[in-house]
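Please go over the structures that come below.
Here chain A shows up in two complexes: once beside chain B, once beside chain C.
Showing the complex of A and B:
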């Protein structure tokens, strides 16, 4: 095994192995771009049937949800006539297939539809809320990796040492704490006790970087800390395994390379494949986490919008949210694949 | 109108830290503030002194109820008029308001933008006189024609906040200005039933610039009492509607209330500014008022502690109310209760088609103990569908079956055992009560399973008729309004388990055939008169019939609490006002903060 051998954990997010290991790898430099673009294009095309399948599934699930959305909207003291009026306004008086295909054809025409509850154009709602969720998700990844990578590297330097054991205890604790409980703890400490950060609300970036970062600090931490704990455990375990058993590590050591450099230059590089895969797979989990975190911190993002839409069986809203989340997950996995090419020279240069 | 809501940063050093452990478990609680019943004032406030003008206030509302306005703020199309009472009171003011003494007693409907109202002797004509000289914030007059435009539109545009009026039929349509009619039809749904509109225009008339009349086919004793809860109370500027269009108007309606809309992020945050042209001199006191939607009781309380809010409307978690009551930095005021808990028993299927099974439930239920154990004795006990803050309250009903576990056991044995499913809405307080009931009933030999579901599923379950017993709240300030006695005990109501009339196998059949039970007749008669004494007697009769037939034991009435930081004062926030339906109302024109 050479020092660029792909670690077994380095499967791609879709379960296949990286192109370089399957003999159908990228045969030209990444700089030329065309094989990568072809890969990118293929994967994008694959997302179309996937998104269609998801849209059918979401629609069927919403249809199967117990309860009459019109009656739920109308409330207990509404008359039958009022319930029917609500049903008509929500478009629920039309057969389900007609509603689904009406929505789908509208989508092909570039019309994302209107919320059946508020009547607002879904496109406007998404344009308004997507930046909030995007900022939360991106910052949560940055913060979680920013914590996990240095901590895991330090812990792996002396496995079983004090720092390693302390790190693992903290990581296990953070993994055991649901993120909404962590959110409440953060509010208690930073908003109520120290009065440093706002307990709720979102300040857009255009109102200033510092106010914006203050408003997202706690939601980002609530999302990032459990992720950081997970990544730390994963990366530290992988690094220790590499350091203990990989031939290339022995080779490097025998050449007199310092253990710190071996860890950083060789072991971490290989372990980063596994980490990347996990990060790609975590997109869905993280987006799911925003649903509850946005509620707690009154962040006007897509998570909150999707939850409200699901509660009121607002098909147009839920469909578009799921579409976007699914598309983001697919794109994230594509980016991970591209990152393989950057990290693995065999993929980049097509050499074996 | 700017589109960016105001945000308030934390106030350093305003509030301290409180115990964490007890509160963490309540994170997602309190989505339906409505299942508590209620009583008395909490840690109250010292003498507030003279009101001061100026300042701003941020009110925290539960996103699951009063903090949701997904269908907008246009009263003609909103489906949350009742839940958004506070927002509406601030923007529209209202023709009538419900006001009470400082201790919450003697609550009555008071003309606000209306100057007076009067029923004819037979109760079939309601005459409403408006105050002269009121203008909307766009400068146009709030006269009888504007109110007529609003009333017809509010009744005819599909809002679930529209009252169900039995208007007189075949009244001739008076001569109306063509421009008025054009403007009206332009503001109605395209597929509106023109005949229905003409019938309404015949029954609802502008007599002169400040007088309107409503002609009814049957008297309606709750017509005015229910107004502050429905959309007839909310009058907007027709001119503004025409200029803004439906969508923009729904975001920022123009009215004659104490505040005007500055920014609106639907179901998130609403920022209002003082209406400089408000018709009452010196009011409102506040310069700015904001409503912030927050996810549940726990988050609302923490946000108040963090200094990002000044008041919480409708805190229903008992644990948090207790915390707030012992927190010297906030003032907690319990509302005057109007809606007691009731265990509805479905008499249309086993086991409660057997009266003995229903009697066993009455005897096995000890709401007094639950009041002491869960509500710290602060709840109001009731044996009928009224509570001390509401109209026609009677605390005791003659012959009511009180707690007697021995008798319950005997009855259970006599009918060969009793297995019951007890349903409820999935909120913390209701779950706590059902758990206590389960223990009490099991002591009497009754097997109980609890089925706790979100409100939407509870509504659906009622609709299927496949339920046995259900813990809900019954009543409203006026028993004929909102989710009142008719909703819980009328035989044709979807949410009732009382027996169907003879000759009907479904509610639809009963409705189609005009069939009624004796109880239906009494409830209808009580709503169908404007004679207060007669109404009182009829409601007493209805309570006795429910008790005699053991249709459902009543229990504690407990109102959600209003919690404000020290220095905030106002009717409905620091003095109790009975809840018309769920949350106590607040009169925001008179809310003020110490400067």
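Showing the complex of A and C:
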């Protein structure tokens, strides 16, 4: 038999490609050994130069930032000598490459530098702030997928039906509303009119789960609703396409499987890979979105820390925050690729 | 109904041995409505399929073969309107509710599709897909269903069935995948098995192996097989009966030996000449039928093959009816081919 296994993501016979599943950069392992482990190693190795490049980029961008951190630190009425002294103390008199490598090697030692404003170690500040942002991001994903998956499945059951059309109208509206407008509306409804939720401020988890959840409810919703709309639209579209044109759907139907089960067991299983890709690509955007949302709701997270740092020209703080945001986006994509590899049998077992 | 007169035939029931047909299709009509246009994809198709026999439906791409069998399976999109009758062992399939059709599908009548690379779910193991088929129509435990699945894999002669059970479609060759598809189709011992271009995507050797398997299964299980192909040669080698379709209509039908001994329709003749033959001198050009099949959204006056037919005359402006001109041999043509086909081409 000369026929070979065809890559499942290859173009369909009519020349169209299944959406959302291209360009993951995951190739099937060939030959013996565990393709999964090798994939894992290769992807991890590829991440290192990427992170280095990001660190250089962040450094250069901050160099180009207007203003003089030393002057800022010393105060507006300080003399030139005083400013120079501060500059030396901050190490800003050294050449840029030296400072970059100093910063980089500091990272490897776990020394993230100090805030030039408060003198506090940046590592401690991040340890304080990161959990807030993490909670917002994780809950935003959970909520958005928790809405999108059931809604898309229901809409795809009867494409063009009442539920489907209503869903699409709502989704389009939600996509058109900017994050901060949604945040304002939420405050207006839940904090001011209904007085159900605190308008601003963060209650840490140590002070109780319910107060904590109440304090993050609105920022999470502000982040999650547009995402939910986006995921619903994508997933519903992909499901309908699978149901209309995928051959394995015909096979499932020809077995006599119920339409609901065809959708759930067959179409959704395949569409979930596309969804996973989209989610991975979104993580960077979502982390960026927290900067504004944290500001609006006075959440003491990384986004707020970065803005505060930028306002006071706290280079060490801003640099670290931007680097972490970028690194999270890169690592999130790595994690998605690996999840792909674990979940997709075509990659898990390679082909032969 | 259109002005095209078709007489409902009662084909190939003669010859004494003839078992009672398990599937009788009468005047099957499939019409799509797309962008306000009516597309008549099947215009009164009639045939019988007998248990343990293989019927080949042959015709160029677009002649309505898939639409016809999908109508039987209830697998057409909602934009399709189906009329006529299809009696499967006493049960009328046309107009059956979705719910009832689902009980028939996979249980009484099942189907193997053209492209084995796409017709299996890439995210599910081979075993899980056969088990699903087994458990859709019978309440059996997982273990029992798995045993049945292995049994089915043995039935379709897939080597190392226990190992294949746990593998995924992409780990199998095209031929193996098609065996898995046949196993899925046979899970509930259907009365009719449809193979829609099931070997078209395979290489010649694998194609022959799959055809042999189908021929063997129809004998061993008594399943009626409808085999669809654009390749008349394949029908000649494996089918018991052949039905030739053109533009949504049956244009010639007979038992395989009779049909190939006495081809009557100029269209069938043209198809026959398009088959590459080993005996043909290598320098002689392959005959390909000139022109295109008619646009199914266009109304056809007279014989649909007329624009491409070398024998067409004024008479052909009136549509010829499908009639049993010779015993068991039906065709729709005013000027049938007679005598040795090879002489005819010279003139």
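The rule is simple: the second predicted complex is superposed on the first by the 267 of 352 C-alpha atoms of A that agree within 3 Å, B and C clash if a C-alpha of one lies under 4 Å from a C-alpha of the other, contacts with A are read in each partner's own complex, and residues count from 1 in each chain.
In the analysis below, a contact is a pair of C-beta atoms (placed from the backbone, for glycine too) under 8 Å apart; a residue touches a chain by one contact, two chains touch by 3 or more.
All values reported here derive from a predicted model rather than from experimental measurement.
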- Task: Please work out whether A:64 is in contact with chain B alone, chain C alone, both, or neither, and reply first, second, both or neither.
- Result: neither
- Once the structures are superposed on A, label A:210 by its partner contacts, choosing first (chain B), second (chain C), both or neither. neither
- Which superposed partner A:48 touches (first chain B, second chain C, both, neither): neither
- Item | Which superposed partner A:162 touches (first chain B, second chain C, both, neither) | neither
- Message: Tell me which partner touches more residues of chain A in the superposed arrangement, chain B or chain C.
- Response: B
- Task: Classify the contacts of A:82 with the two partner chains as first (chain B alone), second (chain C alone), both, or neither.
- Result: first
- Which chain A residues lie in the overlap of the chain B contact set and the chain C contact set? none
- Flag every residue of chain A that touches chain B in the complex, lowest number first. 66-69, 71-79, 82-83, 85-86, 88-89, 115, 117-120, 180-181, 184-185, 187-188, 191-193, 195-201, 203-204, 207, 215, 295-296, 298, 300, 308, 311-312
- Message: Using the touch definition from the top, list the residues of chain C that touch chain A in their complex.
- Response: 73, 75, 77, 98, 102-107, 110-111, 113, 115, 117-125, 129, 132-133, 136-137, 167-168, 170-176, 181, 184-185, 187, 201-203, 205-206
- Message: Which stretch or stretches of chain B touch chain A in the complex?
- Response: 4, 7, 9-18, 20, 23-24, 27-28, 63, 68, 70-72, 79, 82, 158-160, 162, 164, 247, 250, 265-269, 292-295, 298-299, 302-303, 305-308, 455-457, 459-460, 463, 482-483, 487, 495
- Item | chain C partner contacts - residues on chain A that touch it in the complex | 1-8, 12-13, 244, 246-248, 250-259, 265-266, 269-270, 273, 344-346, 349, 351-352
